[in-house]
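Before we start, here is the structure in question, set down as structure tokens.
Note that the chains are named A, B and C in the order they appear, and that numbering of residues resets to 1 at the start of each chain.
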Amino acid sequence: MTNVSVMTFNILSVLPILVLAGFGMIVLFVDILFSKRLGDKNILAYLSLAGIIIAAIVSRGTTPIALYSFNETFVIDNYSLFFNFIFLLSTGLVILISHQYMKRENINYGEYYALILFSTIGMMLMASGADLLNIYIGLEVMSISIYVLTGLKRSKLTSNEASLKYFLLGAFATGFLLYGVSIIYGATGSFNLKEIADFLINKGDVTGPFVYLGVGLIIIGLGFKVASVPFHAWVPDVYEGAPTAVTAFMSVGPKAAAFAAFIRILMTAFGSTHYEWQKIVYVLAILTMTVGNVVAVAQTNIKRMLAYSSIAHAGYLLVALVAANTLGVSGMLFYLLTYVFMNIGVFAIVIILSQRNDGFMQINDYAGLGYKHPLLAIAMTLFLLSMAGIPPTAGFIGKFYIFSAAIKSGYIGLAVIGMINSVISVYYYLRVTVVMYMQEPVREFYPLTISPFIVAAVVISVIGTLHLGIFPSKIMELVQQSILTMR
Amino acid sequence: MDKEFFIYVLISCIKILIVFGVIQFMIISMIWIERKVMAHMQVRLGPMRVGPHGLLQPIADGIKLLFKEDIIPERADKLLFVLAPAMSLVPALITFAVIPFGDKVQIFGYSVDLVITDINIGFLYIFAVGSLGIYGIVMAGWASNNKYSLLGGIRASAQMISYELTLGISLIGVIMLTGSLSLVDIVNAQAKLWNIVLQPVGFFIYAISALAEVNRTPFDLPEAESELVAGYHTEYSSMKFAMFFMAEYANMITVSAIAVTFFLGGWQGPFLPPVAWFMIKLSCCLFCFIWLRSTYPRLRYDQLMHLGWKFLLPLSLLNILITGLVMVLKG
Amino acid sequence: MEAYLFYIMAAVAVVSAVYLIFEKNPVYSILYLVMILISIAVLYLLLGAQFIAAVQIIVYAGAIMVLFLFVVMLLNLSAKEELKDALSFQKIPAIVMGIVLLSAIGIILRSKIPLGKQGEYTSAYVHDVGNTQLIGKLLFTKYLLPFEITSILLFIAAIGAIILAKRK
């Protein structure tokens, strides 16, 4: 039969995944068994955080070589470990900011925490998959959880609409991805990324057209998940309709996971056809940056603005993918980490300031915040500056790395377009700041109820944003290390 | 065309004709037996006028149905209305293609398997074909353009989907013990010990699900007379009605044959020829259907769903788990 | 013989697909879809993939499409309530792009014969061991991890269905 030995099933390699799955189930059980006695359900948040922390402890550290397991379908290398860190960090922060929000919106279900943990499993699988099948299953686990989370607020029509829209379009995009995967399988005879790469290097020219078709379809499928233009149509409505905590979640982790899979598939398996696919990614990057930034200027709703800004950030990250070398990828990893801090920070403050049923979501509602709640306003300003890429914040360093990678790889035009876009983005990020400090309040700021959880999230985000902006070298070393074991 | 192939086709055709003939005969006799048995259980006599002890009653019924006016309602969907009875009868009949009703026999020097075809996905084939049987009922319910028919059709589809799941899962224990999806292998594996001994829970679940799957009492909600007139075939008359009637009995025979094959040793048995054993076991199963019908009242719809999803499904999964554990522990 | 069966079934599938799109009555559309699914199952059989063929019929034709039919019947959509085509201006570009796509695929197909790596599972080998048995062995050896993760996927789907449909 198949010459497969049981020895390759290294359970330890999937330990973080098992931990998260276990805690997801525990959360569900605790919710069902003790729902009468739980009261405010704080324990569910504690349990989920405990799961995240244990998973982080399990998957910490670095590894000198890439460790393959499960018949080379699953890989632990520094790259996947770094991404695991990003996923766990973002999920942890989201749990911190969502706890209060969920109670306020009256959707504090145990399933929420379980689904968030399960979704993180999918992300980890995407980053660690050395096999297209694993990556696909990971993508589905991640996405289906998020479809459900998006529709969690059933009493709100926009939430339902967002969920349905995301589900339909997402399923369509997954179809593209799967079609691409099957064509690649037909053309190369393997799902395994390494085997595909070997095959293409040895006799790639024979199967040329099919490989291009397959890669194109895979790019469409993953391009949808990272919200790149022209596959971005779902983003604004879904971001606006979803519960804000879920929006925070889906703007960070899934995007990072999709990029993780993007890089691994394109660079490991299709590294030899780099010259062909980078043209597609080049166009995608320009479109994504430009459309995201230009349309964001016109937004008046803060969630919609952040949705377009998230599209724009996907564009910057695609610039790094065009370069597709050590510099570009390390810039991308660094940027993804900074993006976790600044984006979740912004959403934390949006959650603090909004009211039940998404009241006070207009940018004008932030007028006068600088005088009423100076600390919140300062934190918000810091995050927005970071997103605009102004020193000394982390966003500046991230953009600096990405654009310098593009220039060093010879894509000067792309870097220039990116910088022009950054300038555009300054306008709409700073507009919020201007409204906060320069305008009279149009609303009453009720005494805010701020839970210690969300304060912790904001503090962590502030520290992260500043630390990465001022002392980036240590993380940069880690990032560069993480690419070395990739191939 | 070479001779081997020609003979193969010929033998297959003869087998198909014989099997279909026998099933038709069984359906006709089942109608008489059911009326008689139920009558005696209720201390009545049942049909007595046509022939000795009413033996010719089914033929009289058949002639009556043939000569009745064939009514298609004015606002019905003509195509689906005509198609539906056939859609519900055909799947019930073609399931028999894979059911072995006897051992190999030698006829004119040729070795003939007493099964129409032995395919290695026999189990999956049964369920693939069986799952299509719902369409006839659903189409009939919708095409009649009648509220009662529609309700009957909807009830039927929900019920059959729910119980198809447990029906399939209850048989997986047997598949695990045998290690093959071919029904011939499953029967051969029961030469020493019937599977009902090893899989009593599986048989129990199968029996209940099979009852529900063929919409028989106590699960005959799709055609509950007291609520829905006659359910999905309210608007049908003449031969189309007869076909639904036949489909119901054909389905009963099919699920009984599957039960015999999977749990009761198929054609295996001492002294008597294999085909006789198969028929005896089949008849016992069919008798149980009648017995249950005259004994139990109908379930309520929510009770039906609770039973299926909250009791039978977990139980059948547990059955698989325990079967697997025992198999691993015994090596 | 197999080639003829392929052409017949492929033709049935394509014709049903066309009818599926242009049929006004949703119930008929679903029945055409069932026809497509069954004819594709036959194509799987021709390829020697009996397991996929059977599962295709059991899962899609036997369960999912019945649920579709169930919903359509409950909503009782009639042919008169046609959906308004909000994006009618897309029709002409869609047709043009469809032709472009078809010709592009045609060019690709004609340009070179694709030669993927010949796998270890030749059709003779699959026929020997049995399609279902091979799939089972692969799922529990080579693709164990994705297979097990699928259980989480189904679990999520079940939670999602319950939470979106039932919770008040």
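Annotations
Here, contacts are C-beta pairs under 8 Å (C-beta built on N, C-alpha and C of every residue); 3 or more make two chains touch, one makes a residue touch a chain.
Bear in mind that the values here come from a model prediction, so they are computed numbers and not experimental data.
If touching chains are joined by edges, the resulting network of the protein chains shown is an open path. Taking the mean of each chain's C-alpha atoms as its centre, the chain lying closest to the overall protein C-alpha centroid is C.
In terms of their C-alpha centroids, the spacing between subunit A and subunit C amounts to 31 Å. Mean C-alpha position of subunit B lies 29 Å from that of subunit C. Per-chain Cα centroids separate subunit A from subunit B by 53 Å. Shown for subunit B are the residues in touch with two or more other chains, of which there are none.
Residue ranges on subunit C touching subunit A, taken from their complex, read 108, 111-112, 114-120, 129, 137-138, 141-146, 149-150, 152-153, 155-157, 159-160, 162-164, 167. Interface residues of subunit C facing subunit B in the complex, by the touch rule stated above, are 27, 31, 34, 41, 50-51, 53-55, 57-58, 61-63, 66-67, 69-70, 73-74, 130-132. Within the complex formed with subunit C, the residues of subunit A that make contact are 1-2, 4, 9, 14, 17, 21, 28, 70-71, 73-74, 109, 111, 114-115, 118, 121, 125, 131, 133-134, 136-138, 140-141, 144-145, 147-148, 151-152, 154, 163, 185-190, 199, 203, 206-210, 213.
Residues 77, 80, 119-121, 124-125, 127-132, 134-135, 138-139, 141-142, 150, 153-154, 157-158, 160-161, 164, 168, 181 of subunit B touch subunit C in their complex.
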